[in-house]
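Presented sequentially are two complexes of chain A, the first with chain B as partner and the second with chain C.
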Partner chain A sequence: MLDVKGLSFSIGNQPILSDVSFSVKEGEVIGLIGPNGSGKTTLFNVLSGFLNQTSGSITYKESDITNLSPYKRAHMGIGRVFQNFGIFREMTLEENVQVALEALPKNQKRELGDLKKVVKETLEIAGLQDSAKKKASSLSGGQMRLLEIARTLKSGNNLFLLDEPTAGVSPKMTNQIADMISTLKKDGKTVLIIEHDLPFIGKICDRVIVLDVGHIVLSDTPQNVKQSKELQEIYFGADPTT
Partner chain B sequence: MQLVINAFIAGSLAALIAGGLAFVYGILGVFNLALGQIALIGGYTTWWLYQVHSVPLPVSIICGMAFGALVSWLIFEVFINPFYKRHRFLPLVTTIALSMILDAVILMVFRERPRSILPGVKEQISGFGITISPVQIVMICTTLVFLFLLAYFLHSTSFGRKIRAVTQNDIAASSLGIRSGLMHRIIFIISGVLAAAGGIYIGIDTSLTPVLAFSLTIKAYAAIIAGGKGNIWGAILCAYLISLLEQFAIGVHWFGTFYISAGYQQTVALLVIILFLLWKPNGLFVSSSRKA
Partner chain C sequence: MIQFLLHVLVISSVTSCVTLGYNFVFGKGKILHFGQLVQTMVAAYGLWVPITQYGQPFFVGLCISISLLLIVTLLLSWLSMRLEPDGYGVLSIALHLIIIAIVLNWNSVTRGALGIPKIPRGILPSTTFGYAIVCVAVLAAWVFFLWRVDKGSFSRNLSALSENEWHAQSLGVSRARVHAIAFSIASGGSLISSILFSPYQGLLTPSDFHFPQMIFYVMCVVAGGPGKLWGVLGATTALVFLREGIRFVSISPSYIGPVQLLLFGAILFISVWIRRDTVFPKERKI
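Entry: the complex of A and B
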């Protein structure tokens, strides 16, 4: 479904991503981990078109999307949840969902049918149906996260790029987010998640990719990655067994 | 009461220009310092068509607003779009330079002589202690209708919601499939229409002179700083409030001993900018949000 080949990105002479290559199959849930500054969010920004790669290519559903603008990638079904909340704070919760549905290509909008009904369903998924008329700025960080994930989920996407969905979220809401991602998995959707919460990643991911200073250092099952020396070295600075 | 009516007349003009400026600031976080000149271009175009070429007034007004929109779009393409992503202060420099160029061009083409779209003595209506001309009533009402239509467009149409989304979170809007580049252009065009409408307003109510642009821009800035940067409705309301303050400043017999000269009227806008930047830099209507 997604093929990334030799992707590099630099700021001036400083490389942020270096020759990153990986493939994602349809329906896979992949965790992307690595220390701060390893290039995880940059990779998401390049995949969703907000940054232009220095070299390399991105193929999505057998189409070359390397040079497509972000809105065109969104129309192809690539949904993004941002680390710093991608919501519209001065709009009501209802409007936050409505505007996302209205931005869909015409054929997808037709398939959804009654948009008002979909808006209601989306807010129910996030458990925010009672606050539909409130401004998004009145929500807590966790609620904003739930609203954003539910909105992305209902926008007819096939590939989801979730950037630290559980950051600053209570354990109860983390479970809600895990349930949402499990639903996506059941529906055959493909998910890439950036996370620092390793138990969370272990619980929901099929595969984990470890990134360090812009390179992929490991790509394996969550169990194998958890036990690997590379991960210990990257996160804790040394192999704890030595 | 007359002061309030005068404030409404002056405020309607300022509201149009401040609304456009707030829009542009809200979306790109940049100031367009040539907006006062766009207002004059709209006004002078209408004057030129109506007075020089005898084009019917409604057609002249529409052409004036359309030309203001065109100039605003060109400003975006040439003086703002290539620069704002590199640094948000660059358009400040480019639009200051542009405002100087446009001032010179306006002066060269239209000369310093005052130009009135509707010259001559205007009929006045008096009653309940106030005096107002029918033209002023029409202009106040037209501005209110204009702002009402803008509110409807922004809050009750799909297109308006997309514009508000881009204004509030450009990147998130793009990630949802909204063409933010197109929306930026549309916002500049709307701000050009609003500014040109303001210029036409001046040309009908009083007269146009090439030196007006700077004072129009400063008053609009005072309104958007007081209203909360990027908050279009806050800016519009504050444009009316600043006009009211201006009218009180020059219209009240202070302590029964002196009047402030009308020449100091513009100082009110400058004082508002200074006071707000010192004590309430986020403006009156910036919404608070939860921290967690």
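Entry: the complex of A and C
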């Protein structure tokens, strides 16, 4: 489904990502963890096409998307949830969803049918149907998250890049988000998810990739990763057994 | 007095057509574009040079004008995507200076600073009253068209892009397409003004295209509220009335120019100050 080979990215002569390679099978849910500044968001930005890799290649659904522009990648079904909220604060909630649906490729739009109805359903998923006409700047952080996730779900995506979807979200909403991701899994969708919440990762992911200073240091099942010594060192700062 | 009001009505309608188009680029799109007069000059000279200097019929002039305008529009929207926003802002000013230098110095075609006299009105009314009615009608049609556009999906795409490029693109919004449409709308305003303004004056002169005119457009958009159709329409009308009306205040004619500049400087300063949160994009990228 997604094949990343030898991906490197640097700003000036400072490397941010070094020789990152991994592949993701259709229907997998993969956790991406690592300390602050390890390059997780940068990896997503390269995958979305916002930053140009210095070397390496990205293959998605058997086609080479390494040099494709961001909106074309979006049209191919790569959806993104941003760490800093991808919500347009100056627009109403309704418009926030509308703009995403209208930007879909023509055939997908046709399949959706009545866009107004889909907008309503999307707001219902986020539990925000009563604030449709309100400006998004009136939402709390958690509500923006839910709206953004709901919007990505409803936009016919196949690969989801979720950047810390549970950051700053209450435990109840975190469960709601976990449920949404489980539903995606059931529907055979592929999810890459950046998280600092290890129990959350353990609960929903099939595999965990650990990133440290731009390198992949581990890629294993959640159980094995949790017990590994490397993770203790780079993530918690010390080996608790010593 | 009636003649003055009709005159102002003509000028404000024509100016509003330009500022309302420009509002989609600079106001709603928050694209730092100060080259609106590049489009107007290309449209005006493309239209009237073939007609007056080479004896071509109006239709031929119109085709030439639209073709040139199309090329310039695509060039501007392409540049606006290639450059960083501030870089494009500076470049658009440079382009304006280049085009006006060409207009001023290509004497054999544009007649330079003298301008082109005897621009024919053709089928347009010869009385100011009739002319005012035509201009208001054209403005009404343009406003209706832009009002429809403003309600549509293009306008939402543009707003989304202006608020955050990356977020909009991640949803599948094509920046190239949206910029091209926004600049085309702005060019539409320029084309209307070329068709209506020069025949009204009977003269096409470079002195109408100096940079203070561009600043006047910026002022109309900022004072009316960037992106707000009715606001920009109201502001343009009011400011044109003010600009033209100042001539009737009993001060020595040699003071009128400086007084206008001071007044408009103050208005621009105050409106930018009041709208400092909405004029320029808050975050362009992550």
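FYI, the second predicted complex is superposed on the first by the 242 of 242 C-alpha atoms of A that agree within 3 Å, B and C clash if a C-alpha of one lies under 4 Å from a C-alpha of the other, contacts with A are read in each partner's own complex, and residues count from 1 in each chain.
Please note the rule applied: a residue touches a chain if its C-beta (ideal position, glycine included) is under 8 Å from a C-beta of that chain, and two chains touch if they have at least 3 such contacts.
Remember, it's a predicted structure, so these values are computed and weren't measured experimentally.
**Q** Taking chain A as the common reference, can chain B and chain C both be placed on it without clashing, or not? Answer clash or fit.
**A** clash
**Q** When the two structures are overlaid on chain A, which partner does A:82 contact: first (chain B), second (chain C), both, or neither?
**A** Both partners, chain B and chain C.
**Q** Would you check which partner chain A:135 touches, where first means chain B only, second means chain C only, and both and neither mean what they say?
**A** In the superposition, A:135 contacts chain B only.
**Q** By the touch definition at the top of the document, which applies to A:102: first (chain B), second (chain C), both, or neither?
**A** In the superposed model, A:102 contacts both chain B and chain C.
**Q** For A:168, decide between first (touching chain B), second (touching chain C), both and neither.
**A** In the superposition, A:168 touches chain B alone.
**Q** Across the two complexes, what residues of chain A are contacted by chain B and by chain C?
**A** On chain A, the overlap between the chain B and chain C contacts is residues 48-50, 69-71, 74-75, 79-80, 82, 86-91, 95, 98-100, 102-105, 155.
**Q** Across the complex, what residues on chain A touch chain C?
**A** Those residues of chain A that touch chain C are 41, 45, 48-50, 69-71, 74-75, 79-80, 82-84, 86-91, 95, 98-100, 102-105, 151, 155.
**Q** Which bits of chain B are touching chain A when the two form their complex?
**A** Chain B reaches chain A through residues 158, 161-162, 164-165, 168-169, 171-181, 287-290, 292.
**Q** In their shared complex, at which residues does chain C touch chain A?
**A** Per the touch definition, chain C meets chain A at residues 153, 156-157, 159-160, 163-164, 166-175, 285-286.
**Q** For chain A, which residues count as touching chain B in their complex?
**A** The touching residues are 48-50, 69-71, 74-75, 79-80, 82, 86-91, 95, 98-100, 102-105, 135, 137-141, 155, 168.
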